[in-house]
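Following are the structures in question.
Here come two complexes built around subunit A, the first alongside subunit B, the second alongside subunit C.
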Partner chain A sequence: MTVDQISSVADRPGAAADTGRAPAAGGPRISMTTRRHRAFYMFTSPWIIGFLLLTITPMVYALWLSFTTFDGISPHWKYVGLGNYRELLNDPVTWDALGRAGLFAVTSVPLSIAAGLALAVLVNRPLKARGLFRTLLYLPAVVPPVGAGLAFKLLFDPNSGATNGVITFFGFDAIGWLADPYARYVLLMTVLWAAGNVMIISLAGLQDVPRELHEAARIDGASAWRTFRSITVPLLSPVLLFQTVTGMIASVQTIMPLLLAPLGDTSGITTVPQSNYLYMMHVFAQYFALGRYGYASALLWVLFVLILIATGLIFKFTSGVVFYNVDPEAKK
Partner chain B sequence: MTATTATTATPAPTATGLPRRSPSADVRVRIRVKRLVLYTVLVSVTGLFLGPFGWLVLSGLKTQGELAASPVHWLPEVFQWHNFADAFTQIDFLGYARNSLIIALLYATLVTVSSAWVGYGFARLDAPGKKTLFGILLASMMLPQMVTLLPTYLIFAKLGMVDTYWPWVLWGLSAAPYLVFLFRQFFAGLPRELEEAAIVDGAGYAQIFWRIFLPQSWPVLSASFIIAFTWTWGDYIAPQLLLSTDRTTLAVAVMTTYVNEGGTPVPELQAAASVMYVVPILLIFLVAQRGFVAGMSTSGLK
Partner chain C sequence: MRPHAGASLSRRRFLGLSAGGAVAGAAALSGCALQVSTGVGGSGETVTVMVNSGDILPEQVQQAKKALGIKIKLVKYDITKLIAMLTGGNPPDLVRGVGAVDLPFFAARDVAEELDPYFARSSVLKPDDLDPVNDLWRFDGRTQGKGPRYGMAKDFSQDSMFWYNAAAFDKAGVDYPPETEPVTYEEWLDNARRLVQRRSGQTTVFGGSFNGLTRSTLLATMTASAGGSLFNDDFSQVDFTTPEARKALTWYMDYAKTKVGPSLIQPDPNGWDGPTYQAGRMAMSNSGYWMGGMIYPDKKLAEVSRLAPAPLFAGGERISACQGGTGLWMPRGAKNKDAAWRVFEWFFGEEPAKARASGGWGIPTLKSLRSLMPAEEEYQKRVLKVQENELKHFSVVSFTPYTRAEALDALFNQIAPAAMNGQISVDALAGRLNSAINEQLKRGKEQVG
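Here is the complex of A and B:
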């Protein structure tokens, strides 16, 4: 999915249409090229303006706020330079929340990808009612977060949940799933429930793997696992890389801990168990529960920079591993 | 596929060792066992994936006592169908559903048209700086939205746009990178002759877009609309931040408003309500997925 590959396709129609200038007589005054250039900016301007106003402006505003003590109410806010950043670095709560978010990212993303890939391989076999299985396995990924959160809250209810029902049926003690330290596992399972997302995208990639490769491997006596490791995974690697990056970005932003917490006050942040108090929850608490906009903005900017670094590192360390042969546009 | 191997292994078709004709009974048994294991795994995994939603539906059919009881009541003593009706009256369910619908339709319509418009520009036109802009567009898909959403809330609050639907209008008008990309891919694949004749006839690019390109793109338009609608219907955090209790969406209402006067939650009504909140999205997906999945599956299958 390099920019060059994609835009080379785009250049085709334009480049060819570039040949003729407007005829001198009876034609438009300005040249065709100028017309097309103007039209390009006319067409892309909604996005350009929107991006500047609704993305860049808020981010710059947050950057400015991060140097202040602004709380939205008090008129006596002041510029504190890097004060918020200094406080953030010395706040053990921030570090703990960041550590939990990191742990959640490095567990939930690989597990989701592995689960999605396993499902994809499973339903890519010639099966009866294959379409039905695919649909049913993908369906949970369509369920909105509020529905997913509530379903898992009821499923893992310590008293009346089905999970403890099964556990006690086999003679074990019931587990307080929604409290510390188990809440993190419920969070993980709730996220894994949407593994169909990875499945559907991997399936599209799998179907572009040339059949001959699998045939050849089988004739050479390669085991199923060997075929999977040496053919399927390398050919799917661009898709998997894309999933890793977007999955990581999504995981640090997840609000699922909020949706899994018991119904409390309006912000809900106070009822999130410690083990699900991820970095984003910390931001929310500072923003809304405490109204510390300046400090919370500093937290957001730190997160943004960390995501940039993580994305850069992922691309760097996979540049030799990811194999670009499959049509990059196959991932829908 | 067997045909290809057979032609390469010229002398004997069975030389590859593949069971082609009347395999031995032993092999047949092994294949059958293998298939049995495969389907058992598949059915159990599918059951596991449907379990949570099934449990949500069951919970919506229980009494409050059954939902609090320990040990678990697997099935309700009597199916409490009235929970679904009560969920309507406990809160202004239809009012919130209408809010969700307005916002989702508003945003999905606007963002689909604006993304198609921008996508056309990136697909069929060019100008200095296009490559850079396209790079920014792709990179912006990876921007963490939460980082912009919280300061956006503060800005909208300053502009007096909190508790209005204006944020969704503005978001809709400014196109979504992912959908722009979708349209761009589609438009870039259309033949060049489409606009050439129109250009010779002196038609403007806007005319070409509305009259020639847009009518061609129904599959992408509907895909984009459904994707955008589902996003908005499912979104919890933006309405939670930007809208007051009366004007908010069903997602927020289902999550936060099913409590008694004393503040104690009413889980059975909340479960029933969330089923009614989720099912429309599932139905839309089931109706629309035929084209969606088929489109992706056809590429490698015969």
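Here is the complex of A and C:
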């Protein structure tokens, strides 16, 4: 008897008697379907309640704030309707920060996926001490972002950092890594440094690629590159799509460079070099340095909508190239 | 149709119930969250104090419990948390604040308690014993330095003064700055140029640091020193284009451009001057008397360290303001005001105050504690003499109540690097600063009402 057959038996009238269970004396009869629904909701309710409390409630509250001039403390804030949204449309700092965040996303996401995939391919090969290499390459990804940020700040300090120490040792002039135009490269390096995250997911995907496909390709005389391009990449495409979407969302929300800022107070957020002043830093500055809760909430809602649109576009444009290795019969 | 017991739970009904649960949960959470003032505790009262680590040490908490019978609960100072607590109606009983810049902001928003009645009946903190620096904690609704008291400074310094490393001066063959007469800002910058040491494009020793406590207090003070005022009469606008403000701004841009010290375009990796000065990598540090607390324990460093008066502009007025005056204030919504006041008295007039005074971490804010300032060693005596002379030139430079200093600094940080890098002129910078800062002040004024 299959699971479906068991369900259908349990759901039919009189099932309780059939299955040997007596209905509650004098109580209402509860069908198996109701029980299953109830169990489903009981199990999912902690997440749903958490989602309502910790996601939906703050989002609705932020939406309300975005229509006001609330600064968190002053008594005379007022409702301004779409005023904050109109202001952000005309705020060049906002658009510049958004443009930089977009540029950062389209640069850092492909680079980190490519680096992670390359590492995954390397450590998927039969190497000696493969486990050790996998651990070492993944290790930077488990370092807390605070530690990583401080480490990079010290490494790239123009006057006392190790990077310039090496450069000047070979007779070259020191480079102002933490200022424009070099700061953007340091930021990219912090992202690539943690490519182990991407590597571990790609590695899991690689291990799911059926070995017989590779063997068949080799027998047919396909080169390693052709095998990678025509077998590995298509089979990894759902994983790569997942990494693209989550990477894009994470990269436009990045606030890591705060740790590279020289000042420790909330005004320090604006001391980052201009090339690293990304959208979320602008949001942070508006909230906590300038106390503009209403305007900052409007910025966040705009970002939320833009992320939804970008995610939708990614799905739309990749629908023809992402290969889902599932049994077509299973969909029926 | 009314659902009956045992009916299948529809999604709509379930989500409705979940939403109800969420609202109830939120209400419960808001009741629990940030519930800090607990009133009467088992062995005495509990007072919640929001400070930085190090403002009140754990052993002092124990001491307070023994001496006052009051339990102090420390909460780490965090402006966002403070605002959340104030908004939620559960503020701490006492809060750290920088008198020079925080007090007008909070007092104007009516969230700070007037402390005059408490001072009037205090036997520990007597009004005639209060140093004039405590006037930074007075605000009459318009001007700082007048009106009721809202707090008190724990100690203070005159923050335009500077320390210098005599060994660095000797090495560079530069004359020491005089100890009683100020150098001009131009002379200070000239000295810094001669003291800075570079190698392969790296600055190995900063000639000097001059960044004030915040950029906004620095520029307000320097403008006052040039004989002007950065703010207009009602503090609702700044004007960087006046000759005095422009003079201050030009000097600060020159300082940054020459890269003789840390600035927005050449940040100090340590974030502040202390460790860099201590390591012998900074010849002059724009810090007041308080830095002695860091210098004195290192006898070798103390013997080569000197304190010098605040610079002035050639032909300008000698002004030596306190840009900080960090202390405590009591939120109007504090739940435990009488016990909080007792802790306030203890912190500012009893054991912790005496410990601070003798540590050299600032000038005591009670005149009666001045005698405790460290003066055993020769170097301490020399520093004290310079400081005592400087006190004759103490002045209060009022700050706007319409925004926090951090907001002005955030805007300055965004706009100024272009001028520091020589991409825009000082005049263009002054115009951009006026525009951005005045917009922020206008919003603040509307909110204060």
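Just so it is clear, the second predicted complex is superposed on the first by the 288 of 332 C-alpha atoms of A that agree within 3 Å, B and C clash if a C-alpha of one lies under 4 Å from a C-alpha of the other, contacts with A are read in each partner's own complex, and residues count from 1 in each chain.
Keep this in mind: a contact is a pair of C-beta atoms (placed from the backbone, for glycine too) under 8 Å apart; a residue touches a chain by one contact, two chains touch by 3 or more.
Keep in mind the model is a prediction, meaning the values are calculated, not measured.
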(message) Residues of subunit A touched by subunit B versus by subunit C: which partner has the larger set?
(response) B
(request) Would you check which partner chain A:F133 touches, where first means subunit B only, second means subunit C only, and both and neither mean what they say? (result) first
(request) Check the residue A:L122 against both partner chains and state whether it touches subunit B (first), subunit C (second), both, or neither. (result) first
(request) Please indicate which partner A:P145 is in contact with in the superposed arrangement: first for subunit B, second for subunit C, both, or neither. (result) first
(message) According to the stated criteria, A:L303 is in contact with first (subunit B), second (subunit C), both, or neither; which is it?
(response) first
(message) Looking at A:N159, would you say it contacts subunit B, subunit C, both, or neither? Reply first, second, both or neither.
(response) both
(message) Touch test for A:L178: subunit B only (first), subunit C only (second), both, or neither?
(response) second
(request) Considering only the touch criterion stated at the top, classify A:S319 as touching first (subunit B), second (subunit C), both, or neither. (result) neither
(message) Looking at A:N90 after the superposition, I want to know if it touches subunit B, subunit C, both of them or none. Which is it: first, second, both, neither?
(response) neither
(message) So subunit A touches subunit B in one structure and subunit C in the other; where do those two contact lists coincide?
(response) 28, 37-38, 41, 48-49, 53, 57, 72, 154, 157-161, 164, 168, 174, 262-263, 266, 268, 287
(request) Would you mind writing out the residues of subunit B in touch with subunit A in their complex? (result) 1, 4-5, 16-17, 38-39, 41-42, 45-46, 49-53, 55-56, 59, 66-74, 114, 117-118, 120-128, 130-131, 133-138, 140, 142-152, 154-155, 157, 170-171, 173-175, 177, 180, 184-185, 188, 192, 195-196, 199, 202, 204-206, 209, 230, 233-237, 251, 254-256, 258-259, 265, 267, 270-271, 274-275, 277-278, 281-282, 285-286, 289, 293, 296-297, 299-301
(message) Residue numbers of subunit A touching subunit C in their complex, please.
(response) 27-31, 33-34, 37-38, 41, 45, 48-49, 52-53, 56-57, 69, 71-77, 93, 153-154, 157-161, 164, 168, 171-176, 178-179, 262-271, 273-274, 277, 285, 287-292
(request) Note which residues of subunit C are touching subunit A in the complex, please. (result) 4-9, 14-15, 18-19, 21-22, 25-26, 29, 79-80, 83-84, 86-87, 106, 109-111, 199-204, 214, 262, 264-269, 271, 403-404, 406-407, 409-411, 413-414, 417, 440, 443-444, 446-449
(request) Report the residues of subunit A in contact with subunit B in the complex, numbered from low to high. (result) 1, 3, 6-7, 9-17, 28, 32, 35-44, 46-51, 53-55, 57-59, 61-62, 65, 72, 119, 122-123, 125, 127, 131, 133-140, 142-152, 154-155, 157-162, 164-165, 168, 174, 193, 196, 200, 203-204, 206-209, 211-212, 215, 219, 245-246, 249, 252-253, 255, 259, 262-263, 266, 268, 280, 283, 287, 293, 296-297, 300-301, 303-304, 307, 311, 329-330, 332
